[in-house]
Amino acid sequence: MSTFRAGLLAQRTGTAGAAVLVAAAVIALVAPLLIPADALDVTRVTAAAWQLPGAGHWLGTDHTGRSVALLMAQGTGTSLFVGLTAAVLSVGIGTLVGVLSGHFGGLLAGALLRVTDFFLVLPALVLAIALSTVLPRGLGTIILAIGLTSWPSTARMVRAQTLTIEARPFVERARALGGGHAHVIGRHVLPSVVPLVLVNATLAVASAIVAESTLAFLGLGDPTRISWGALLHQAQLHGAVPQRAWWYLLPPGLAIVAVVLAFTLVGRALEAVVTPKR
Amino acid sequence: MRVKLCALLAVATTLGLSAPPAPAQQPVVLKVAIVQQIDSMNPFLAVFQSSTEVGRLMYDYLTAYSASDQSVTEGLANRWEPSADKLTWTFTVPEGKKWSDGVPITARDVAFTFTLMMTDEVARTANGSFVANFSSVTATDDRTVVITTKAPQVTMLALDVPIVPKHVWEKAGSIKDYANDRMPVVGSGPFVLSEHVPGQFIKLKANKDYWRGAAKFDELHFVYFQNSDAAVQALGKGEIDLVNRMAPAQFDSLQGKPGVTRNKAQGRRFTELMINPGAQTRTGEPIGDGSPVLRDVRVRRAIARAIDLDALIARVNLGYAEKGAGLVPPVFGKYHWQPGAAELRTFDPAAANAALDAAGLPRKADGTRFPLRLIGRAGRAYDEQASEYLKRSLGDIGIPLDVRLVSDNQLNESTTAATYDLAFSGWSTNIDPDFVLSLHTCAQRPGADGKGGTTDTYFCDETYDRLYAQQLSEFDEAKRVEIVKQMQARFYDQVPAVVLAYDNALEGYRSDHFAKFTTQPAQGGVIMAQNGMWGYYGAEPAVRTSQAGSTGWGGFAVAGAAVAVLVLAFVVVTRRRKATAGERE
Amino acid sequence: MNPLLELRNLTVHYGPKCVVNDVNLTLAPGQTLGLAGESGSGKSTVAMAVLRLLPRAARVRGEVLLDGDDVATMSWGRLRAVRWASASIVFQGAMHSLNPVHRVGDQIAEPMRLHGTPGSVAELLEQVELPREKARAYPHELSGGQRQRVMIAMALACGPRLVIADEPTTALDVVVQAQVLAVLGRLVAEQDLGLLMISHDLSVLAETCDDLAVMHRGELVERGRTREVIANPRHPHTAALTAAFPVIGDPAHRWAEPAGEPEPLLEVRDLVVDYGRTRAVDGVDLTVGRGEIVALVGQSGSGKTTLARTIMGLRTPSSGRVIFDGAEVARTGRALKAFRRQVQLVLQDPSSALNPRHAVFDAVAEGLRVHGVPGDEEALVTAAVERAELRPASLYLESLPHELSGGQQQRVVIAGALVLGPRLLVADEPVASLDASVRGEVVALLLRLRRELGLASLIITHDLGLAWQIADRVAVMHQGTIVEQGSVEKVLLAPSHDYTRALLRAVPRV
Amino acid sequence: MRLAGRFGGAALSLLMVAVLGFFLFRVVPGDPVVSMTRGRPTTAAMQAELRAQFGLDRSLPEQFWSYFTSLLRGDLGTSFTFRRPVADVILERLGPTVLLVGTATLIAVLLGLWLGVRSAWRRGSAFDRVTTGVSLTLWAVPTFWLGMLLMMVTGDLFPSRGMRDTDTAPDFVSQALDVGHHLVLPSVTLVAVVCAEYALVMRSSLLEEMHAPYLTTARAKGLRDDLVRRRHAVPNAVLPAITLVFLRFGLVVAGAITTETVFSWPGLGLLFYDALTGPDYFLLQGLLVVTAGAVVVMNLLADLLHGVLDPRVKVV
């Protein structure tokens, strides 16, 4: 009974998370179309800097007089884009490595496993920082840095799942029927790995968004783009904390928390759906 | 259980409520925020501005710049005399000046310092350029030091080299490995280094035997801050007394804050927009991939005309800067140059458009003429914002800008390799303009292998070079000033770079702790980052009613209370569970 | 005298689902009662209800009287005092029922300390015929049989008058099972305990219990003296259960028709297979004739499964040959693939042998697709499914495995094998995980396929009864070698090898 | 055999760390010497001298060999910024980081495990829902933002930066109190984020065990609920949780970097940030090697600890 209720709860929070994500996606898609270019152009802005939230700017203005609300809306797209693409990259690498090292034994698997374990152990953020320092600034670098450093957990999980699947009698049956590697991977391993990968991808987006904001905060982001992390970087750079400019500091952070939490909740709900009941 | 809880609470309250024991007579301390790291306490190695500044407090130079007008004044030496051919300079170190350990300061210390730099390559790390032209430095007696140079050198009274005590440093061994951190460090300046915790703070004590007289307070602490944001916050709280290098917005945020006084000073720094004039090596080989259209001076001038310097200052510098023109900021009054009415380029996009049309670069069907790249440093607020303006301004004259903000390293790489069209740059200048002028001579361009260049803008102009050589050997100051101004006019006319602004130095201090600081120059000058130590040395403590060191020990009370509540909650929950545990599964 | 345990109208619901329906049972002191039933019949739920161990989600009605006290209304304190001291449980699967991070001695001693029972762990271990040093062992350091003995020792630790044994020997080998049952039986008799033994295996219950109760879908369908119930089952379900445990030597239980001496189809010559340093198969010779059913019997670990995998080309032998239809079987490539079309594998657990995501149609068609068989896929699949007696095929083709019963699933597996028109079926424990009632149907299907298609089978099993029921010839495998082979009658009725005799002795007699 | 394997694996990992550290920072565009001399009066000859001083004029294999052999001697090269051995610079910043990370980890582990156990055992209860909800939210919070927020909210209650005031009395008690006072905000920040993770890990670890048959055995034996939990469930669940705690040590490292940056805590994280703004590649390389090496060693320790604590592992 209690598990039943917990399941229901997970579904409910999952639905709430999905709603948040849909809203964020709509904002991300619509914002660039609706926001006039002048509103975010520091050369054309007319409002005073550091205005408290009010009628004209319902989240106040930043250090250049731009509306924080509009910046937030504009930043949604970048944050989501980085989060999604980095997660796709990370999960893609992870799945590939995981399936290969799980399916094929021998030297290849050994080497892949070794590399996976190595990267699993390394602090991902440190590595991402190192990568973004040595590569040219830009969204591509951020995505690459996050994607290249966060795949090992997926690889581990996918590998475990692959091994589980491969140990199942139906895979043995497929082999006995004469199925080769392609058949086993394509027909049996991948389909059973996909739900797990999906869950993983959802959670990966969550951590990628946090990673993006951290890198941006450390000044390693793409300075020509507005993202939530970059806004916090700006806020810090221009002294929002000593000014107690809560309207500049709170919204980007809250947006990150909301979206990351939403992805996590959706991920957990998905997990509850795809993992077989005890 | 209850006993334990009470004990915990007791400890928490004690921690929270008892104030730290306050000694009866506290020393008067000036606490200064520094944002930049200290790279080394060894004056031969210290390169960072912050370390140079601390070095100035510990070691006097041969000569100093006065606080009032930055003219040359007594340092360790009180008299100096050039020979007729200007190749030999005789400095006199008067009697009565002492190292902080009581040993008298002599001409031999001076000779030792310079000779060390001339013989030991490592000792040249920080200030090697000053001795590059020296042929010998000798102390003829304890009072007299004679310096001979290979060629006449106008900067002989601007030798910014800390003089170290011979009796300490001759035992130092390898300069590279000498950290100079055995406390107290023997020095000649107004303060003596007493403690250095890397990444945290530097403590100096006033030198009671300083020849100008001891400072009016006891200790000077430099406290390291991660960023100016944190420093400004700490100033607001009264944790520190003095902050500089504030961003305009931070400076504004301190307006009207009780107990805080702001100091908007003329800075030594200018910001420029470099325009690649067709970079070449010393031998005249083209280098890099700068846009060829920029070789045409008409195009460069047009670009300069399209930039509204006033708007940039108003929006990006928030007004805390002066409009740029020549290479010497107005703070160094006599060498500063302003264009006359005839030379002046006003902001005029229409004229710029016309000039580009005339230069044979008409607009294409899509309204653009040719694209350019602009690079700047990521993370520098100025570059991030100003690039937005330039994008817009140059867009208006048909030049679409591709803005790339990159790391420091990449920016350096691009500017050295001349793989840029437009780039942000900036220099801090000295009282003597020689260095900043030298950056634009042909000889500074890199060698055939693309290495060894220290040029700023790849500028190479015969007229300019001729003038540079002239001023270098002009010992009549008025004449030299005139030549330096001509050079700046030439630079302005040829536009290898647009000087965008002379940034104000924005400082703030706790006027409830310190009533007065000596600025340099006296009018509109800075407290920190001076060409001297006057700012700190001349600080006068305010008459304080109470030690306002209220670093909020109340925080402990709050934390203690929070911990107590948590512990209480834990105990209550556990007890309740215990009580009902028997009746539950 | 008060009965030790009395269940009155016990009914258990999980949500809307009724798992135990109105069960009434009594157990007198010293009485041994077997509770039989298929999986899901509710017999384990009954056991857990006795000590109120069901999860909170379960709603229990009726009374459970333990020594006259109703367990359902006891206070928690009283209940805890009763647990283990009045009645203890020998759980199934001792590997998981023992805490992996505590030493077994401590686990045995724990209830003694808790209930203040005197006694020593060493004595208890001796009672279950384990050396006292084993007290210091962790569960994973013991064999399955040893762990089960530890469970028994633990159950007896507080001197309860009632012991509930829930499938105490499932997953154990016949020989080990016999030993554990002997220990349990002896202790129950010595200490005059009441025993409630739960099993799906009638023969096990017949061996240990005087009385027998049969459960079916949550209801008690039959109860009586063990012998009478087995000899004269009144409920059809009981009858099906009885039939599932063939009596060796009983002609009524021998379903295979006698066949002549066929030509060899598969020949295994001097086959050796190594797993690292252990030799799993050690020089085996085996022949399966055309249309012949050969049973390969042996304990778990005897190497019979490895042998089967090697024949299928799923493992590489260290040496020796496998000859199919006169030609040596290739180890790789196209020829191996062609061989695999002729020989099909049927696995033990049909629920896991089918990919839970693939519908029946896809599962059956998998072989066709792998081999790129031309023709009307749907027709071929339909034919195979109907041949496996899932009629009409259209009813099943779109179903997912979990929507089918165990027997139906096994038929799907067989259909998937048949669709390629194989000549030999290698079946690994084909009925072991099936419920008793469907077991007979699958056995009959295999025999019918042989009759109709001339399909030869190599059946791997630990179950001598199955061999008796279905095989023409039997090969007995022990420690990697075949110790005896020959016709069923000869090997099972007049065994010549000691190991075969030991196996036969261990089989519980009804 | 197993031990040798573990040590071998760790050694291999350390080697890979070293190689990675070298090549990652050698592919960078740009001449580090130009960075070093930026804004200083420099001549070409001086640049060349510096290049030779840092060994940048030699070929890549030569540089790698000297880097690698020095590494084996514990020499991590010379920092551009500090003109001192990287190892010294790192060593002098180690103390504050160990203090912060140690305090935070200790609190986070104790609190996190306790919360995790309680919420798993009473799954679905109000306590569980609140704990899980808060943990998930905290997990979503970027560390640096939490720090900035705390700083803004607490206002003047706590010092905004650093580890010590410069004018605290020199006696031990005052100094300790001062450090403690400075430690509050950074450690709360770090605890909040890390603890959430630990609570979630412990919760799911215990949930895995909740249906284990041996718990039914324990109940059947008549054990009280809290005894079942303490004696049987937790010892089993805590092992994987502890392993995970060690495995996610990298998380703490990452948290320390941002926390130290926000609060100017003078430890390795701050040093990292400083090296980043340089960028001081030798220092970055040293920090990468040291932090990654520390994490590798922590993992080895976790492995060994697991072997000691979990009887099941010994046999393998």
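Going in written order, the chains are labelled A, B, C and D, and every chain counts its residues from 1.
Here is the rule we use: a residue touches a chain if its C-beta (ideal position, glycine included) is under 8 Å from a C-beta of that chain, and two chains touch if they have at least 3 such contacts.
Protein identities per chain, from UniProt: A, D = ABC transporter permease; B = Peptide ABC transporter substrate-binding protein.
All values reported here derive from a predicted model rather than from experimental measurement.
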Inset, instruction - Give the chains in contact with both chain A and chain D, ordered by label. - result: B, C
Inset, instruction - Give the label of the chain whose average Cα location is farthest from that of chain D. - result: C
Legend entry - By count of C-beta pairs in contact, the leading pair of chains: B-D
Inset, instruction - Just give me the whole-number Å value for how far the CA centre of chain B lies from that of chain D. - result: 34
Legend entry - Rounded Å distance between chain B and chain C, as computed from the means of their C-alpha atoms: 83
Inset, instruction - Would you kindly tell me how far, in whole Å, the mean C-alpha position of chain C lies from that of chain A? - result: 48
Inset, instruction - Starting from the mean Cα coordinates of chain C and chain D, work out the distance between those two points in Å. - result: 51
Inset, instruction - Provide the list of chain D residues touching at least two other chains, using ranges where the numbers run on. - result: 28-29, 151, 219, 224, 261, 273, 277, 279
Inset, instruction - For chain B, write out the residues touching at least two other chains, lowest number first. - result: 233, 379, 407, 410, 582, 584-585
Inset, instruction - For chain C, write out the residues touching at least two other chains, lowest number first. - result: none
Legend entry - Residue ranges of chain B touching chain D (in the complex, touch as defined): 15, 20-21, 23, 26-27, 29, 31, 37, 39-40, 42, 45, 47-48, 121-122, 124-125, 128-129, 132, 176, 179, 197-201, 203, 219, 221, 223-226, 230, 233-234, 237, 239, 379, 407-410, 412-413, 416, 427-428, 435, 446-447, 451-454, 549-556, 558-559, 577, 581-582, 584-585
Legend entry - In the complex, chain B residues that touch chain A: 227-229, 232-233, 236, 247, 249-250, 252-253, 311, 315-316, 318, 378-379, 381, 384-385, 388-389, 392-393, 403-407, 410
Inset, instruction - Mind listing the chain C positions that touch chain A in their complex? - result: 15, 56-57, 312, 314, 336-337, 340-341, 344-345, 347-349, 352-355, 357, 366-367, 370-371, 413, 416, 420
Legend entry - Footprint of chain D on chain A - complex, ascending: 2-3, 5-6, 9, 114, 117-118, 120-127, 129-131, 133-134, 136, 206, 210, 213-214, 217-220, 229, 232, 235-236, 241, 244, 246, 249-250, 252-253, 256-258, 260-261, 264-265, 278
Legend entry - Residues of chain D touching chain C in the complex: 212-214, 216-224, 231-232, 235-236, 239, 310-312, 315
